[in-house]
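We call the chains A, B, C and D, going by the order they appear; numbering starts again at 1 in every chain.
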Amino acid sequence: MRIGLVGLGRMGYNLALNLKEHGHEVVAYNRSKEKVKKAEKEGIEGAYSLEELVDKLRTRRVIWVMVPAGAPVEQVIDDLTPLLDRGDIIIDGGNSHYRDTLRRYKELKERGIHLVDAGTSGGVEGARHGACMMIGAEDEVFSYLEPVFKDINVDKGYLHTGRVGSGHFVKMVHNGIEYGMLQAIGEGFEVLKESDFDINYQEVARVWSHGSVIRGWLMELTEEAFKKDPELDEIRGIVHSSGEGLWTVEEALKLKVPVPIIAGSLFMRYRSQQEDSFAGKVIAALRNEFGGHKVEKKE
Amino acid sequence: MRIGLVGLGRMGYNLALNLKEHGHEVVAYNRSKEKVKKAEKEGIEGAYSLEELVDKLRTRRVIWVMVPAGAPVEQVIDDLTPLLDRGDIIIDGGNSHYRDTLRRYKELKERGIHLVDAGTSGGVEGARHGACMMIGAEDEVFSYLEPVFKDINVDKGYLHTGRVGSGHFVKMVHNGIEYGMLQAIGEGFEVLKESDFDINYQEVARVWSHGSVIRGWLMELTEEAFKKDPELDEIRGIVHSSGEGLWTVEEALKLKVPVPIIAGSLFMRYRSQQEDSFAGKVIAALRNEFGGHKVEKKE
Amino acid sequence: MRIGLVGLGRMGYNLALNLKEHGHEVVAYNRSKEKVKKAEKEGIEGAYSLEELVDKLRTRRVIWVMVPAGAPVEQVIDDLTPLLDRGDIIIDGGNSHYRDTLRRYKELKERGIHLVDAGTSGGVEGARHGACMMIGAEDEVFSYLEPVFKDINVDKGYLHTGRVGSGHFVKMVHNGIEYGMLQAIGEGFEVLKESDFDINYQEVARVWSHGSVIRGWLMELTEEAFKKDPELDEIRGIVHSSGEGLWTVEEALKLKVPVPIIAGSLFMRYRSQQEDSFAGKVIAALRNEFGGHKVEKKE
Amino acid sequence: MRIGLVGLGRMGYNLALNLKEHGHEVVAYNRSKEKVKKAEKEGIEGAYSLEELVDKLRTRRVIWVMVPAGAPVEQVIDDLTPLLDRGDIIIDGGNSHYRDTLRRYKELKERGIHLVDAGTSGGVEGARHGACMMIGAEDEVFSYLEPVFKDINVDKGYLHTGRVGSGHFVKMVHNGIEYGMLQAIGEGFEVLKESDFDINYQEVARVWSHGSVIRGWLMELTEEAFKKDPELDEIRGIVHSSGEGLWTVEEALKLKVPVPIIAGSLFMRYRSQQEDSFAGKVIAALRNEFGGHKVEKKE
């Protein structure tokens, strides 16, 4: 299939190579020209404006948008919309909030343009060699695109999750679960570290990756991480987050689903970003008030 | 009543004054002589050894032990035991683990000595001007001591919680609840601080102390704390703990009682004591592995 | 002061009596006539429509709206607005979301009408005999109303928290803290219940109310509750929530403030509303898959 | 190698077949004769008493104990000890608490008997076709046994974690992480369930098992579980636990490691075992006290 691709970041660039490798014709546009030129060297057709991109696509255009969620996606879709014809398809492959997707779907539908949300997991490596996609789409549109999804994902690694929005929703929950799993792994290794035993973390991650109940990609990556830095001495334990965990908790709150673990994992990330905690200060001050317990003064 | 007192720390010293003020004769011993001398200036009879203390007490001695839980209590009771006669009473007024209390009760009982556990709340101010005591004791022993408890606690501020051990147990749970309340207060003020509004914390603590649902001593102390340091700029949010919160969680774990809030409050204290978190490092490293997310390097 | 009051529910009715007792002239309107008639018997001037209410007020009208947050407040303000003159004042005494308050303030300001948010704590008893109010208002408006706030709240029990919206914001956080405190208390009593000791809960709540670190109104109410039903045998542990705890967590999530305790307390409420847990089902099924652990079948 | 096996439960029986398949001679004893007879039909040599078992083994006996942790392990080791000679090896393949293992190691060492702790993961399937083992052992003993561990575990699926006790410790932490992962998965599916989308859980588990960040054995088992019961309608969400999660939390508490997620997962299991919550009752009663909020009465 001939496919337009907007965005040649880590994910988009690798997706382009993946598509090309499976025989698809990719026309790629990126805001900065350098990446387009780089892609052209890999045999990918470049476009230096959205107009050029749209012009270079055949009838029933398919344009895969692979830019950061939020304002960038909004901008690209706003700019693309007037250039497209009825029946054309925009695939949002990023981590957009599903409520934004629902809104955009409605707006695009009025102009006869189809929106597809393809929540993508598997990281950079997955984008290149076989990803995992959760796809919200109208049935007809999904059928039209399915051969592409089949090619670029690992075997059994794509799913038509339902109507538009469901792909981003399921991907959001996927990431929420990921937050909990990561925190559980982190806590476990901290217990190992603080114990009286002299544990080789990399070796433990390796054995847990082979035959254990908790084996999986995250544990394999844990082995990789400890291989590079056996005590993680060089990095700081500051954990940022990009939105999906927060959204999962916000949705759960609205749906009255108890998610203490996903929320707790997010709060530990927030805590990791603080040098000091105002809550802690209040408590330290109060312990001093009622029990005369010493507070630690700032230097 | 004539009462022996072991330990003239913050709590013991104020308790001695409190007892004296209510007409009781206090004979006080402390490991370091200075505090005994200081107490003598307040009209309290001093003793410079446990032997002297025991000698100076009348028949059916009552000895109030007010030293830190753990090894110090253990030592004092071990040293006292051979000096005492059948029928004598030891009151452990500290925060001993109730399981230690149960064990000591059994050991002392074999020698005919009574143990009473008087879990004491209300802080230093309470010890001086009226405390709150949760008292585990045999019925007869409690009746014998009740006039004293009545004098030194605030009105309605003492309770015979049941058999020996129950006083320390109820005090332990009291402190567990305290951990949760403190963390809730801390979190609330941190939300106020981070909000767009320009909030005067002291004033908020003041108004919450008068007529609100969450009014109480802790909120009054919050007002005091902010009065002294309006933004808590001078202190660090490092929160230590002395055992009872931990024990409450450990007991709850054994009893299969879900205590996510008390445990969570304890974990936030532990976290406050860490400069960096190994769990956080593991997660940061993993996010880098699967998504290429940047890690923050140590300087 | 002559004051219009909309809403004669539990809170509004008692507020009316409170205002009257302090010499204010109250004109009260309620959707159902019965309550108006009842109020009239107490010497309160009744109004049977918003129009009548507005007509009966003097220049620079002050109308206190005491109806449930959300649609009811929205409706009352929508209906009142066209009836009012520039300079008139609407006090929203309910638990409106502060973001709604900010919006309404802006809308009313365009018509020259002042909005005041008076977050009210202290329960029904407080409304009647002295409440606690957190008040967001323009300075001039606050000064104009201050004598009223002084009368109907307990001594030191009102605060001008800042600009409009801040009153509801501070009240929201107050309730968030309340969630955490309640859950901490609940957990503590459950530990007492499951322990080997034979604890009298009412007595414990009583002693904790007198001189302890955790003394406060909530503990006094705990004593009351156990007095009525010593084992709480007659009620179910299903805990509902009315919004402010949820909003506190939502705000904290946006502000990146770790609030594991407030959030955890909310999640335990949600869990209490479930007969069974789908999360639990998934875990039970998985334990069966990997370890052959038995699942409990539905009957 | 000729190996004695004590315990032919789910795990032990499959381990026997696994050992035999790899050319080891297994002599198996089980308290109830039926299972021994069953094993004999599979070509495994049976023993009908521990004495017989010990007699049938060659010099430097190796006896693998595969019985439930706690009293059963204690009993078997107590009964075995007097029958063994210096140099003999007992492997504890169950989930014993590592502190028990440390104690037993010391006791057995005095008699010249070696203890090895082989924490085993991978479930029943793993025991049969390739498990994952974390092994605490003296170096010489580990080297002696390594060929066996190599045979019966998956490739790279065994690790000499260090000195005796470390195997059970690492296995304990493995299970702690498992608790957190399971709860995260459970919460995620509950969010899916309560959402507005019409989600096929089995299909989602399937796609998440192929190429996603959270892929792993647990997700594959989730697919299996939903395949058998697509809505989990037939089972109840009551989740039991067998000790290791609890121990992980207890160790973390001692080591001052914040483990809110592992602990929180355990608390949700405890909560799932309750029909009603006393904590919830207290809170419901209190909300009634201060706000007049209705309580739900028992029928």
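Note that a contact is a pair of C-beta atoms (placed from the backbone, for glycine too) under 8 Å apart; a residue touches a chain by one contact, two chains touch by 3 or more.
Labels paired with UniProt names: A, B, C, D = 6-phosphogluconate dehydrogenase (Decarboxylating).
The shown structure was predicted, so the numbers you read here are calculated from the model rather than taken from an experiment.
Novice: If I average the CA coordinates per chain, which chain comes out farthest from chain A?
Specialist: Comparing chain centres, B lies farthest from chain A.
Novice: Quick one: compare the interface residues of chain B with those of chain D and tell me same or different, with half as the dividing line.
Specialist: same
Novice: Can you check how far apart chain C and chain D are, centre to centre, with Cα atoms defining each centre and the answer in Å?
Specialist: The separation of the two C-alpha centroids amounts to 48 Å.
Novice: So the centre of each chain is just the mean of its C-alpha atoms; given that, what is the distance between chain A and chain C in Å?
Specialist: Between these chains, centre-to-centre, one finds 39 Å.
Novice: Could you give the separation in Å between the centres of chain B and chain C, each centre being the mean of its C-alpha atoms?
Specialist: Each chain's C-alpha centroid was found; their separation is 33 Å.
Novice: At which residue positions does chain B touch at least two other chains?
Specialist: 123, 183, 185, 187, 190, 194, 213, 217-218, 256-260, 264, 267-268, 271, 277, 279, 290-291, in rising order.
Novice: Going by the contact rule set out above, which residues of chain B touch chain A in the complex?
Specialist: Residues 10, 123-125, 182-183, 185-187, 189-190, 193-194, 217-218, 221-222, 224-226, 229, 232-240, 242, 260, 264, 268-269, 271-272, 276-293, 295-298 of chain B touch chain A in their complex.
Novice: For the complex, which residues does chain D have touching chain B?
Specialist: Going through chain D, the ones touching chain B are 213, 246, 249-250, 253, 256-260, 263-264, 266-268, 270-271, 273-274, 277, 279, 290-291.
Novice: Show me the residue ranges of chain C that touch chain B in the complex, using the header's touch definition.
Specialist: Where chain C meets chain B, its residues are 121-123, 126, 130-134, 153-159, 161-163, 165-166, 169-170, 173-181, 183-185, 187-188, 190-192, 194-195, 197-199, 203-204, 206-219, 248, 251-252, 255-262, 264-265, 267-268.
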